[in-house]
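Read through the structures below before going on.
Two complexes come next, and they have one chain in common, subunit A, joined by subunit B in the first and subunit C in the second.
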Partner chain A sequence: MSRNGPLALAYHTLFVAFMLAPILVVCWVAFTPEGFLSFPTDRWSLRWFEAIARYPEFISAFWRSLWLGAISSAIAVAISVPAALAIGRYRFRGREALTALFMSPLMIPHLVLGIAFLRFFTQIGLGGTFAGLVLSHIVVVLPFALRLTLASAVGLDRSIEHAAVSLGASESVVLRRITLPLVLPGLVSGWALAFINSFDELTMTVFIAAPGTETLPVRMFLYIQDNIDPLVTSVSACVIAVTVVALVILDRAFGLERMLVGRSASHGR
Partner chain B sequence: MKAAPYLLCLPALVLFAGVVIVPLGMTVLLSFHDWGQYKGIEPVFILKNWQEVLGDSYFHEMFARTFRIAFFVTLLAAVFGAPEAYILNRMRSPWRGLFLLVILGPLLISVVARTLGWALLFGGNSGLVNKALMGMGLISAPLPFMFTETGIVVALAHVLMPYMVLAVWASLQRLDPQVENAAVALGAGPFTVLRRIVLPQVMPGILSGAVIVFALAASAFATPAIIGGRRLKVASTLAYDEFLNTLNWPLGAAVAVLLLAALIAIIWGTNRLVERRYAQVFA
Partner chain C sequence: MPFLELEKLTKSFGGHNAVDGLTLGVEKGEFVALLGPSGCGKTTTLQMIAGFVEPTSGAIRLGGKDLLAMKPAKRGLGIVFQSYALFPHMTVAENVGFGLEMQGVTAAERRTRVAETLELVGLGTFASRFPRQMSGGQQQRVALARALVIRPQVLLLDEPLSNLDAKLREGMQIELRQIQRTVGTTTILVTHDQAEAMALSDRIVVMNQGKAEQIGPPHEAYERPATAFVANFLGKTNLVDGASVRPERISFAAAGLAGTVRTRIFQGNHWLYQVDTASGLVTVIRQNTGEAMPGEGDAVHLLWEGRA
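This part shows the complex of A and B:
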């Protein structure tokens, strides 16, 4: 394979600068010592990070987002595992249609889902509740959980299970001691990808979150709508930092490329 | 044993039937209901909202803006994202993984934070982007980015760029490097190899990336809401206003259902085209 020429590398440098510029700028402004938006050059300060502590709504929204992501991703994985085993190992009528249905939240605009959930939850009395948020987040993160659990269910070597059965293991023992441990990596990475997507979800949540059940992205969005000041940059910088740490861990543990390229493959087909 | 796969799928099926299909159906119904400032939502079956959305020039302009923005975002993503995916694919081991992480990573970083970054970069006439462009001598006067379509297009292209790189990257993985080498051995220049060998083979990847980017750009919410401000409305921000400010839910539902229908038609049409045209590539 031939190497990239100097022109290609120059292009690459500009492209990477374009991709990183807005993210770095947020982190840069967050360290301003001034009371207004500015790019600090000689003096740096942590005052806007300290200021977050004085805004309890950001703190409580952060914890709510964390719990929401953790709970809804866990339930999504729990629902995905049996579905992935069925889709991955059996050929049955309606298999394709069911897969398409479970993957559909990827293709339905989150705006439409948000509106649909707002109407639905208001009608059944779940409007603005945490339970409603959990239900809706399970639905939108399920495709990510299913994709990765499915990949590991398909790649599973069935002869190991057969060996266990021939050695006298009962069905439940095979499931608990053989099948589940083998799909565990897919399960964990599916949970992680689902969690990140839940943690960042805004478009749908902004419709169904009420004051008191606002998630962190919703709180940040509503804050920015009113005014942009250094406080929201320091909150964003914290969110970016947490995501970057999670990204690096995920990349080391599972390979981000595999997680994401697998994710694109069934899009738009 | 025949029932096993159905039983295993049952929890997910119950969830999706109850929490996806029913609410979506209710939304379609909602778009036919009546609404008044004082009487609220009346569960009747009328075409008022649809006549308004399809007949009023305000909505025409707003939908035209939505799809114009989505078109230019898709174009930018394809023109700049596809070459980058190719360059990435030719990199060597440590760099390749590192830059893939750098370029795809933003996909998982909060959209609000990324858009905030663009709002800071654009920031009025003294924004960094204008300073940089003027410093390079590309423009003589500052360009307005905040509260303009241009600004929304640039910021959305950044937000959705990873999807395009990802789609092209995936199609490059299926490419046999020996074909390129063969072309070179037969005397083709680098430009000819790109145009005649690489491009035709990654075209399905570019098209499937384009479908994803277009669909996400047409329904994007946070970026047009923050960069476009309260005046410059697209379909999603208009629906948001109808639902949470004017409280005319039936009209908002009609806007959202129309957006969904238009997107399904576009995605379906493009997929048919891709499948027919590139059947041999997928086979």
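This part shows the complex of A and C:
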């Protein structure tokens, strides 16, 4: 492994600082006692964290976003697994087209998707419902789930499954006992990436969500249209804290680096 | 009637015959090596026996029964893969016990048989390890144990030793042969390594472009190669005046084919010579007996049995 030179090190430091600075600023401002976005601040207070409690719609939006992300990502992964196994391991007619179809939500601007879903859901009576949110989020996060699931399906050594077959395992046993456990890391990382994308989605959701089905980003967006005060920063700080905890747990369980590069190597317990 | 019969076995990939009318009979308990360069069809043959590749034509019979009519999972063959193909998420004991579990063997009997088989391959104390915690040679043994524990009718070995370093490979060859003799399982080995094929097997099938060039005991194929391809593939050979002569059969003498030593290489237990002669460059191998040997540039005469 080659070591970084001083120039490269300086570049990396700058880059990391550039990435982290906004997050740190947000967390810092969250602790201000002032009634406006004061930065830098040298006085500390938890006042804006206490303020969250007075806005139950933020808390319910947070839970809604959590559920929405969890459900839509889980369904996206469930769709991805058979798709990834087929695309990753077989050569068949229409394979390229199928891949392009699954990946296409990446290429369509979310603004366009938002307007299209709004029209479509109103037409079929799903306008402003949680089910509508789930459906639209499945579409948006599917490419992320599929990408990582596909990476682990492609990396799977076929002879491992052949070995199981030669030992007398039926196809369903091979799938359950061998294939799925081996693609599990890719599956979990695909779910995590899909979840992050769903949790973060605003541009499309702002069209689809109605009062009562607002997600956290939508709630925050609507809030800062009327008020500029540190409440959004304290909410953001909470979300960042939850994210960091979740990443630490995932890292302990599966190894974050391997998850995010989508390697298939399995991890023993 | 042989125990395992391949009859006019053929596999075409887009008009090209990877395996071309291969006929072979393997006796019960016999160790047969399919030997040849990459692309000669040896691996495809193995995969057809295992059931992972469907033949274009021909038949495979095991104990008189049509093997092709059986699903791969029902064939009862033990396979050791080149990559070992161990289940990375299972312990050694779970890996080895997997086949028994599929057969519905009770947990208690499974434990006994797994322990016995691990003992056989010298891994008695490794049962609770995971494959990634083991060396290549140990993983190789786990793969062998996993294939043997189901008491397979035929053991198929696909380049089993090619991922091991030279020293380990030699040790494993000896061990593999002993284990095969002990359990007496009919075995088919696929390899590109002629030394491995000769060391392990009762008979070798030298394959080239999908066809068997020669089938016979290693010694016989080496001494009496049926074709120039076999002669070249099984060790070094000289073509002198149209006849094939092994380098170690040529000796230095007072009279014979006159030549000049071009290079001399010392290889510990033997000397390797290249001698310029009127019939071209001749390779000579002489045992290192401690005697003085001709040096580079010396004039020599070459003699071998059968030289007119």
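Just so we're on the same page, the second predicted complex is superposed on the first by the 220 of 269 C-alpha atoms of A that agree within 3 Å, B and C clash if a C-alpha of one lies under 4 Å from a C-alpha of the other, contacts with A are read in each partner's own complex, and residues count from 1 in each chain.
Note that a contact is a pair of C-beta atoms (placed from the backbone, for glycine too) under 8 Å apart; a residue touches a chain by one contact, two chains touch by 3 or more.
Being a predicted model, the structure only gives us computed values, none of them experimental.
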item: Which of subunit B and subunit C A:Ala253 touches, first, second, both or neither; value: neither
item: Which of subunit B and subunit C A:Val245 touches, first, second, both or neither; value: neither
item: Subunit B versus subunit C as contact partner of A:Ala10, first or second or both or neither; value: neither
item: Partner chain in contact with A:Met220 - subunit B first, subunit C second, else both or neither; value: first
item: First (subunit B), second (subunit C), both or neither touched by A:Pro181; value: second
item: Which of subunit B and subunit C A:Ala131 touches, first, second, both or neither; value: neither
item: Winner by number of subunit A residues touched, once subunit B and subunit C are compared; value: B
item: Touched partner set for A:Ile160, first subunit B, second subunit C, both or neither; value: second
item: Partner chain in contact with A:Ala210 - subunit B first, subunit C second, else both or neither; value: neither
item: Footprint overlap on subunit A, where subunit B in one structure and subunit C in the other make contact; value: 265, 267-268
item: List of subunit A residues in touch with subunit C within their complex; value: 157, 159-160, 162-170, 173, 177-178, 181-182, 265-268
item: Footprint of subunit A on subunit B - complex, ascending; value: 2, 4-9, 11-13, 15-16, 19-20, 22-24, 26-27, 30, 80, 83-84, 87-88, 90-92, 97, 99-121, 123, 128, 155, 158, 161, 163, 166-167, 169-170, 173, 177, 180, 184, 190, 208-209, 211-212, 215-216, 218-222, 225-226, 235-236, 239-240, 243-244, 249, 252-253, 256-257, 259-260, 263, 267, 270-271
item: Sites on subunit C touched by subunit A in the complex; value: 50-52, 72-79, 81-83, 85-89, 98-99, 102-103, 130, 132, 146-147, 150
item: Footprint of subunit B on subunit A - complex, ascending; value: 1-4, 8-9, 11-12, 15-16, 18-26, 29, 37, 39, 79-80, 82-83, 85-87, 90, 92, 95, 98, 101-102, 104-105, 107-113, 115-120, 123, 135-136, 138-139, 142, 146, 196-197, 200, 202-203, 206-207, 217, 220-221, 224-225, 228, 232-233, 236, 239-240, 243-244, 246-248, 251, 256-257, 260-261, 263-265, 267-269
